[in-house]
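What follows is a pair of complexes built around subunit A, which joins subunit B in one and subunit C in the other.
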Partner chain A sequence: MTLTLIEAALLVFVLGCAVGAALLKDTLAAVMAFAAYSLGVSVLWLVLQAPDVGLTEAAVGAGIMTVLFLLALSNTTSPDVDRLFESVGWRSAALVAGFVVLIGATVPALPTIGDPNSAVVGGEVSQYYLENAYAQTEVKNAVTAVLAAYRGFDTLGEGVVVFSAVVVTLSVLRREVVA
Partner chain B sequence: MTLDLLTTHYNYYAVVLLLGIGLYTVIESPNLVKKVIGMNVFQTGIFLFFITLAYRSGGNPPVVTEGAGPYVSPLPHVLILTAIVVGVSLTAVALALVVRVYSEYGTLDEHTLEELYHD
Partner chain C sequence: MSAGDADAAASGDEGAGLYVESTIIMTTVRLVAPFILTFALFIMFHGADSPGGGFQGGVIAGSVVMMLAFAYGIDSTRQWLDVRIVSALASGGVFAFVGIGLGAMALGGQFLQYSEFEALFGHAIKYAIELVELGIGAIVAAVAIGLFFLLAAGFDDLAEEDSS
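On to the complex of A and B.
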């Protein structure tokens, strides 16, 4: 696939919001930049033909996540904002630049975007799900079929993670009330 | 050559940049809430990697109907759906710890916390 205008604009928007979230000194402003970032990413999922992921990202990533951050902010303080952006730490920047160059060097080894013969798209596993999902599970949406039927234990594990997170969050926050 | 790579692998370069931005925020920002934001940006970079790998030119969303093919691969979508929910759980726990740290020490600044810890 060639780079369309809408995808290029989305990528620029998403990267801009990420830089904003990284450098804005006021935490509330950083959280808002992150919310815009999540929304941009969820539209990017739609462009990449992943509507299930897009819906989840919009509801959970941009919605619940922002509420969580705002709740945390309302229980803490924001740092003194003497200027809009934080100063760039050059030592960290150099370290991160090294990391980016290292990871970036592996990119040419990856298949072209949209290649129908790549290991993931053209592979046996993907094709098996697409061909047999409806016959075996009577669910037309292959993503739902894999999530709930073929990899149901994964989803059970996900439920365990969410349950533990709720238990930990409550116990961490309640201790000051009890003790 | 370089331009050629950029037009065929552009999403992967965005992934690399997002990982860099997330890592930078986690390392450099002194504020604990912003470190959690950086962690989430890093995570989303990896999501973009998976969803891009699942993409197929001219592919439709993987909802199987007569004559609608070809489809994009459903498996990475499932993995990322799970990862998004796990990411939110992680954020909730991290923010709960941040609120608790604030109620104990009265600050969210990394350097101030270090000083308080050593005293």
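On to the complex of A and C.
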């Protein structure tokens, strides 16, 4: 698998931000690193030609989540930070390293980008969607066709899950009205 | 950050610690907000033909309110925005989605079988998908706004109840 320069730069940026978010001692700095990580991932999605996912990642991961984290932080008191990075115990480091190796071992099993024989391109289901989505739903964006029509019931479930987030927050905070 | 936190904790008024009144921010937000809201609606309505859809558009629409709160203060934004609108949007979106599903059943089809609406109007599947996207957008925008205000308010009232 060959990386273009922009993909390699993005990967380094994303990895750096992820490690920063995990290791930075100051919570505010960690939240900002996490936002930068989300932004990097969303650009990566765009480069990989998944604009729907990229848009979601940018709006939710980099936008809303950061604001909610900052709000939650502002409602707490943060202790004075004496040093830049969190001290890492060897047990956690070993656990994380093992997890990275485990996940990394699955990467070679993924098809290369643009592989005509990969399940994503050649699979029966994806081909069916790509060939019939416009004829059956009159919607040009196949992603929307799958989400709203072919898997409408799933999407209804997701909508209710999002709805229940605010209901749960209301009940946890013991409030009766939103806002 | 820590100084502001300490002040806010000392006065017991988190809103004052959070909000910084700035002419630059207020002017910028006033200028930019209509465009962002338009962009959000574009993504919501145009999700059928271009990247995006109800979810993404809804999140962006919700972030407009967060931006207003950032510029004009959370409490004044909360007063300006009727809380009933937020609840109505969230539950209205769910009802619209479920209603479309049940409507298809009422017309003799299966749950969410959009093609049943073809009896009522042309291009039924396309418009049903658009309606569903708008419903999702309403849910997501309202939930984003609601979570924002709820997290900002936190346990305020609860503490007052306990102390009184």
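Points worth noting:
The definition used in the following text is that the second predicted complex is superposed on the first by the 167 of 179 C-alpha atoms of A that agree within 3 Å, B and C clash if a C-alpha of one lies under 4 Å from a C-alpha of the other, contacts with A are read in each partner's own complex, and residues count from 1 in each chain.
To be clear about the criterion, a contact is a pair of C-beta atoms (placed from the backbone, for glycine too) under 8 Å apart; a residue touches a chain by one contact, two chains touch by 3 or more.
Treat the numbers as computed from the prediction; the structure is a model and nothing was measured.
When both complexes are superposed on subunit A, subunit B and subunit C end up sitting side by side without clashing.
Using the contact criterion defined above for the overlaid structures, shared-chain residue A:Asp80 touches subunit C, although it does not reach subunit B. When the two structures are aligned on the shared chain, A:Phe153 is found in touch with subunit C, with no touch to subunit B. After overlaying the two complexes on the shared chain, residue contacts for A:Val100 are found with subunit B alone; subunit C is out of touch. Subunit A has more of its residues touched by B than by the other of subunit B and subunit C. Of the two partner chains, subunit B is the only one that A:Val125 touches; subunit C does not reach it. Contacts of A:Ala165 after superposition: both subunit B and subunit C are touched. Of the two partner chains placed by the overlay, neither subunit B nor subunit C lies in contact with A:Ala62. Once the two complexes are overlaid on the shared chain, A:Leu39 sits clear of subunit B and of subunit C alike.
Of the two partner chains placed by the overlay, subunit B and subunit C both lie in contact with A:Asp52. Of all Cα pairs linking subunit B with subunit C in the superposition, the shortest spans 7 Å. Residues 51-52, 56, 60, 64, 68, 71-72, 75-77, 140-141, 143, 145, 147, 155, 162, 165-166, 169, 173, 175 of subunit A are contacted both by subunit B in one complex and by subunit C in the other. Considering their complex, residues 1-3, 8, 11, 14-15, 18-19, 21-22, 27, 30-31, 34, 37-38, 41, 44-45, 48-53, 56-57, 60-61, 64-65, 68-69, 71-73, 75-77, 79, 86, 88-89, 92-93, 95-97, 99-100, 103-104, 107-108, 110-116, 118, 120-121, 123, 125-126, 129-130, 133-134, 140-143, 145-147, 151, 154-155, 158, 161-162, 164-166, 168-169, 172-173, 175-176 of subunit A touch subunit B. For subunit A in complex with subunit C, the touching residues are 28, 51-52, 54-56, 59-60, 63-64, 67-68, 71-72, 74-78, 80, 136-141, 143-145, 147-149, 152-153, 155-156, 159-160, 162-163, 165-166, 169-170, 173-175, 177-179. Subunit B makes touch with subunit A in their complex at residues 5, 7-14, 16-25, 27-31, 33-34, 36-38, 40-41, 44, 47-48, 51-65, 69-78, 80-82, 84-93, 95-100, 102-103, 108-109. Taken together, the subunit C residues at the contact with subunit A in this complex read 1-2, 5-6, 8-9, 14, 17-18, 43, 47-53, 55-56, 59-60, 62-63, 66, 78, 81, 83, 86-87, 90-91, 93-94, 97-98, 101, 111-112, 114, 123, 125-126, 129, 132-133, 135-136, 139-140, 142-155, 157-158.
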